[in-house]
Amino acid sequence: MNLLLFAEIGRDIEWVTLGIALAIMVGIGLLMALCIILISRFCQVKEDPRIKEVEQRLAGANCGACGHPGCSGFAKALVEGTATLDSCGQTNKEAQIEISNILGIAYDGNAEPTIAVVACSGGSQCEDKYAYQGYGTCVSQNMLAGGRKACEVGCMGSGSCVDACPYMAIECFDGYAHIDPELCRSCGLCIQTCPKRLIKRVPKSATVYVACSTECRGKDVMSKCKAGCIACGKCERTCPSGAIHLVNNVPIIDYSKCTHCGKCLEACPRHCIKHVHPVDTHEKTITKVEPEKESKAE
Amino acid sequence: MKKERFNQIALDGLVRQNPTLRLVLGTCPTLAVTISAINSFGMGMAVLFVLVCSNVIISLLRNVIPDRVRIPCFIVIIATFVTIVSMFMEAFLPSLFESLGVWLALIVVNCIVLGRAESFASHNPVGESALDGLFMGLGFTLSVTLIAIVRELLGSASFFGMELWDPSKFSIKFFTSNAGAFLTYGLFIAIFNVCYNAVDRKLKHKHAQQTLAPVTVAETKEAE
Amino acid sequence: MDVLGIIFSALFANNFILAQFKGICPFLGVSQKPGSALGMGLAVTAVMVITCAVTYPIYTFVLVPLGIKYLYIIVFILVIASLVQMLEMILKKFTPGLYSSLGIYLPLVTTNCAILGVAQLVTAEVAATSAHFAKTLVVFGKAVKISMAMSFGEAVLSGLFYGLGFTLAIILLAGLRQKVDRLNVAKPMRGFPMTMITACFMAMAFYIFSLIG
Amino acid sequence: MAKKEKTVAVETADTSVSAEKAMKKGTVIQAVKAVAVLVIICLVCGALLALCNDLLYVSDEVRADRALQKIYPNFKNDDSFAGLDSSKASTPYGQVLSVKKSTDGAYILEAVSSNIGFSNGTVSIFVAVSGGTDPKIVGWTVDKNVGQSFIGNITSKHQKTWFINQSITVVNPENPEGSGLGSGATHTENAIGYAINAASYYCINVLKLVSTPESEAKDAVIALLGAEADGYSFVAVKDADYLEACKVDEHELSFYFEGKKTESDPLAVYVYGEDENRQIVVVKDNLTHAERLEESAVVAKSEGINDSLVAKAQSRSYFEYQVQKSHAAFEFAGMGDINSEFATKDEYGTANKVYLSTDGAIMVEATGKGGFASGTVTVNVIIADSVIKGWTIVSNVDQSYIGNIKNEHMTSWYVGQSIGQPIELGSNKVTGTTLSSTAINNAVNMACYYARNTLQQGGAE
């Protein structure tokens, strides 16, 4: 029966081939399903069922910052008790509570979420000692007389951190590394790889950070880098809540005291203090935040 | 189903998560078929049909299918719809079927279809899945046809098959070659990124301007 | 069975990614680091060999004689998906080392145009005169003529070398991307657009092979 | 942070024990459920597909006449036509699958190209050839293709412009490639060009739609040979100098055919004059110079042909002409017998034939091993007073890139070198054909080795 309007399209339903087709489909479906089930039974790797549950609750980014091969490795270590939960900065609080229940360990401390920032903004503004024409990234370049930058702690911008970051949050332009605060999950991989140890963790709620970590005096910095901190101490003097102190020529911000007023940012003649979140809209209206309970030593 | 959810899905499918230009999925047909605009439009429509139907069926069965055989079941459903589309095309649109040829069958393993099935259809109700399939398909069709129009215009000097000027006078053969496909696709992604970021920044700026005060207070509350 | 011809055309002239445009999604997605690219390439090669070895007999001895050729998409895909899932479990059980380097890419491999593409290429039918494998089977009393473009050996061999061609292209791109991803280009060009342009130059290079081949 | 014991730890301990038992039972049900679901889904999908296949089935006839409508709308099948003559269906360019004739004299052929398409696949097309005095290609469309993943580039626009209204004689061997038509799928274009040439070759030679002078001459030869001609395929050799060289006072040699038939000796056909006053001589071809001169060598000749034409046809074969063209001094004086002791050398290959000449020079036909895809190359080397005068390539096996070795290489390599000691490959190679060049080097060395030892021309080995 040609059901369709085109006379020549379609032919009478051949029930035989239809039956054969069904048989084949069912046969293959059955075969495949059975094989999968059998093999999954036969190849059942004896695993503690809790590992799977823990793994599901972890962030699942396989970033490796906890030192274990991906989240499954970390979950196994957690269940065996060889690892502690706080070495994974990714998992949010509720997940950490659930995991603690599964493992039957107490959940302690609610770590303040942090993000990473690069404590250098010199890059192309900082003089080069030599032109590096070699293979590879900052790590290999650092072996050659401490990298091509005149400033011994200057960022070379060759992207070791870019490779390390599993979230593609870091980009190198204008000669130095920039971390995108929205993407950064503070896994700490870039902190481990940066040969100059320039990348530091600041609380997520911080608004300003010091983008320089040279310990030379002002005169030397002037000769080497146009964007370096000359340790003039203006920021220390203008900060109303005394949150900034110059420790051997490097301003250190104590975020528990910082009231996000932004005065240090304006005062700094060399613009070394920069915004954490590059937002140009609500510059002025940073509201008051009552200092939180000091919980984790930075 | 709320209007705002509709907008969100629509915008996701067409712009925010455009499968070809933002998520860079389904690249195989995009590169291969965009030599002629008619083929690309045909391909887009086929993908649209498969996407909508498979999303609907998968979201209907999402609680029934056990997790262990999830992938084979999804693939069987998608393959059924692809075979139906190819049979339909062979019967009624023979010229399009001939020119699409191999790529029609490859919709089964198209990353968009299985991707949407797994990430969206298997967690959302039928209505939203169907809509998502529809707009994802439209997004794919739009971007593929756009790329094809450019390549056809430059490569073989014709627009949807109609000859505009004599190709021997001016036509860049490079765009009909494989290398041209990569280049055009790459530039399209770049241009789309530029427009997207510009519009995004303007939107965010306007958004932040209007609701300045309450947002910052609410924001800090959230940050606690 | 012109082995040299198959090898040359599979590796260079009809390279699976650059000439036939199949398997581009992993080609773009997994080629950040040469290590992961190699893992992906070998996983694809392994699955391609198994696919050719399994789908060729199914097509010639089951689908064609019974006259249900229209089912080829659904049967191939079902078989491939299940095989990959089984391979993953077997690898996990018996060779965890290999699993950690290769296994994680296996779920990626199933939804990949390369595998179904090679299955289609290998099960191509051709006019009886130039068939490398021709047989007539009597099924339910009806004599059915089968004429395949490739014999079984050629099918598996070309599957292997298409996989190696795939691996070659993906490793080349991974090597190039080490440098290209760090170039200081305009912001929107970063990431995929630059990878596409690198792939464009690779496609040009491989086009020359297709002229000779 | 000291670990604090919490009641929560106790609870999880005992629930995990009972969970163990539940797990065992649960997995069995779950497994069965999984299998059941997959099988049911396969069942439903299979049924749906089978139904759709029957509803939307496009039979071959439908596909065929759908193509006909496209290329030749007013086609009315004339069933008095005998259809395809399968014995002559294979042509140098591809295979003709079916032929239909329309009542108004037009022909629809279905032809498939030889596998030179993309990833050496093939393309099968329908071609419509108009009837009447000057048959032209009126339309063509692609039917099926194997492995042509870029067939999409050949759009209907191309099918309206390429080859259309070209007379089938023009399409014939001039540009079988059909390339450079610019659709971005060059290999598929070549395959389509070959398929169209296969169809037009069939039209000219089998359907005899149009009679080119060549096909008329060929028909006359077949008529003359009568029964002996069956199985032979005659191919015209288009070598203008040879046609010129065979002129006998005012009788022009208009065509020279080489008749080939499997496992029987080839024929050489000389056609003098035009149309009616055509005079044909057919001679056995692979005889030695002496045997060729005897009366028995002539297979057939048209009556009233004057003897000078016959003598000319018997005098020199095309092969001898070619050899002489490259080395004028060589005057054939019959075949020398092969001295089997030095006829093979495992590192070079084999020596097959020796030709003697009136002035003492010899020509050795030798086959060299080690070519591309482990094939061989056979060359003729002319050696006079222990120096190589010249050489030509006779045939090769599997040397797909030997075309790169052009005449200027043949005149420059090895010529003038003494046969005293083995000759190194050195610079005698063209990039991309190193393997074929080594095979040639081996063949030349084989010829020198043979000449050195058998005729004591140069120093002994």
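The chains carry the letters A, B, C and D, assigned in the order they are written, with residues numbered from 1 in each.
Note that a residue touches a chain if its C-beta (ideal position, glycine included) is under 8 Å from a C-beta of that chain, and two chains touch if they have at least 3 such contacts.
Values in this document were obtained by computation on a predicted structure and should not be read as measured data.
Asker: So, comparing each chain's Cα centre against the centre of all protein Cα atoms, which one is closest?
Answerer: The chain sitting closest to the overall C-alpha centre is C.
Asker: When C-D is set beside A-D, which has more C-beta pairs in contact?
Answerer: Most contacts of the two pairs: A-D.
Asker: Roughly how far is chain A from chain B, centre to centre by C-alpha average, rounded to an integer in Å?
Answerer: That gives a centre separation of 30 Å.
Asker: Provide the C-alpha centroid distance between chain A and chain D, rounded to the nearest whole angstrom.
Answerer: Spacing between the chain centres: roughly 63 Å.
Asker: Just curious, how far off is chain D from chain B if you go by their C-alpha centres, in Å?
Answerer: Taking the mean C-alpha position of each chain, the two centres sit 45 Å apart.
Asker: Provide the list of chain C residues touching at least two other chains, using ranges where the numbers run on.
Answerer: Only 21-22, 68, 70-71, 74, 78, 81-82, 85, 187 qualify.
Asker: Multi-chain contacts in chain A: which residues touch at least two other chains?
Answerer: 4, 9-10, 17, 21, 24-25, 28-29, 32-33, 36-37, 40
Asker: Provide the list of chain B residues touching at least two other chains, using ranges where the numbers run on.
Answerer: 32, 68-69, 72, 76, 79-80, 83, 87, 91, 102, 177
Asker: If we count contacts the way the header does, which residues on chain D are in touch with chain C in the complex?
Answerer: 42, 45-46, 49-50, 53, 90, 95, 97, 112, 114-115, 118-122, 124, 146-147, 149, 187, 373, 432
Asker: Residues of chain D touching chain A in their complex?
Answerer: Per the touch definition, chain D meets chain A at residues 1, 3-6, 8-9, 12-13, 16, 19, 23, 27, 31, 34-35, 38-39, 41-43, 45-47, 49-51, 53-59, 61-62.
Asker: Considering the complex alone, what residue numbers of chain B touch chain A?
Answerer: The contact residues of chain B facing chain A are 68-69, 72, 76, 91-92, 205, 208-209, 212-213, 216-217, 220, 223.
Asker: For the complex, give me every residue of chain B touching chain D.
Answerer: By the definition above, chain B touches chain D via 32-33, 35-36, 38-39, 61, 64-66, 68-69, 72-73, 76-77, 79-80, 83-84, 87-88, 90-91, 94-95, 98-103, 155-156, 158, 161, 163, 167, 171, 173, 176-177.
Asker: Once bound in the complex, which stretches of chain A touch chain D?
Answerer: Against chain D, chain A makes touches at 3-4, 8-14, 17-18, 21-22, 24-26, 28-30, 32-34, 36-37, 41, 49-50, 100-102, 104-106, 108-109.
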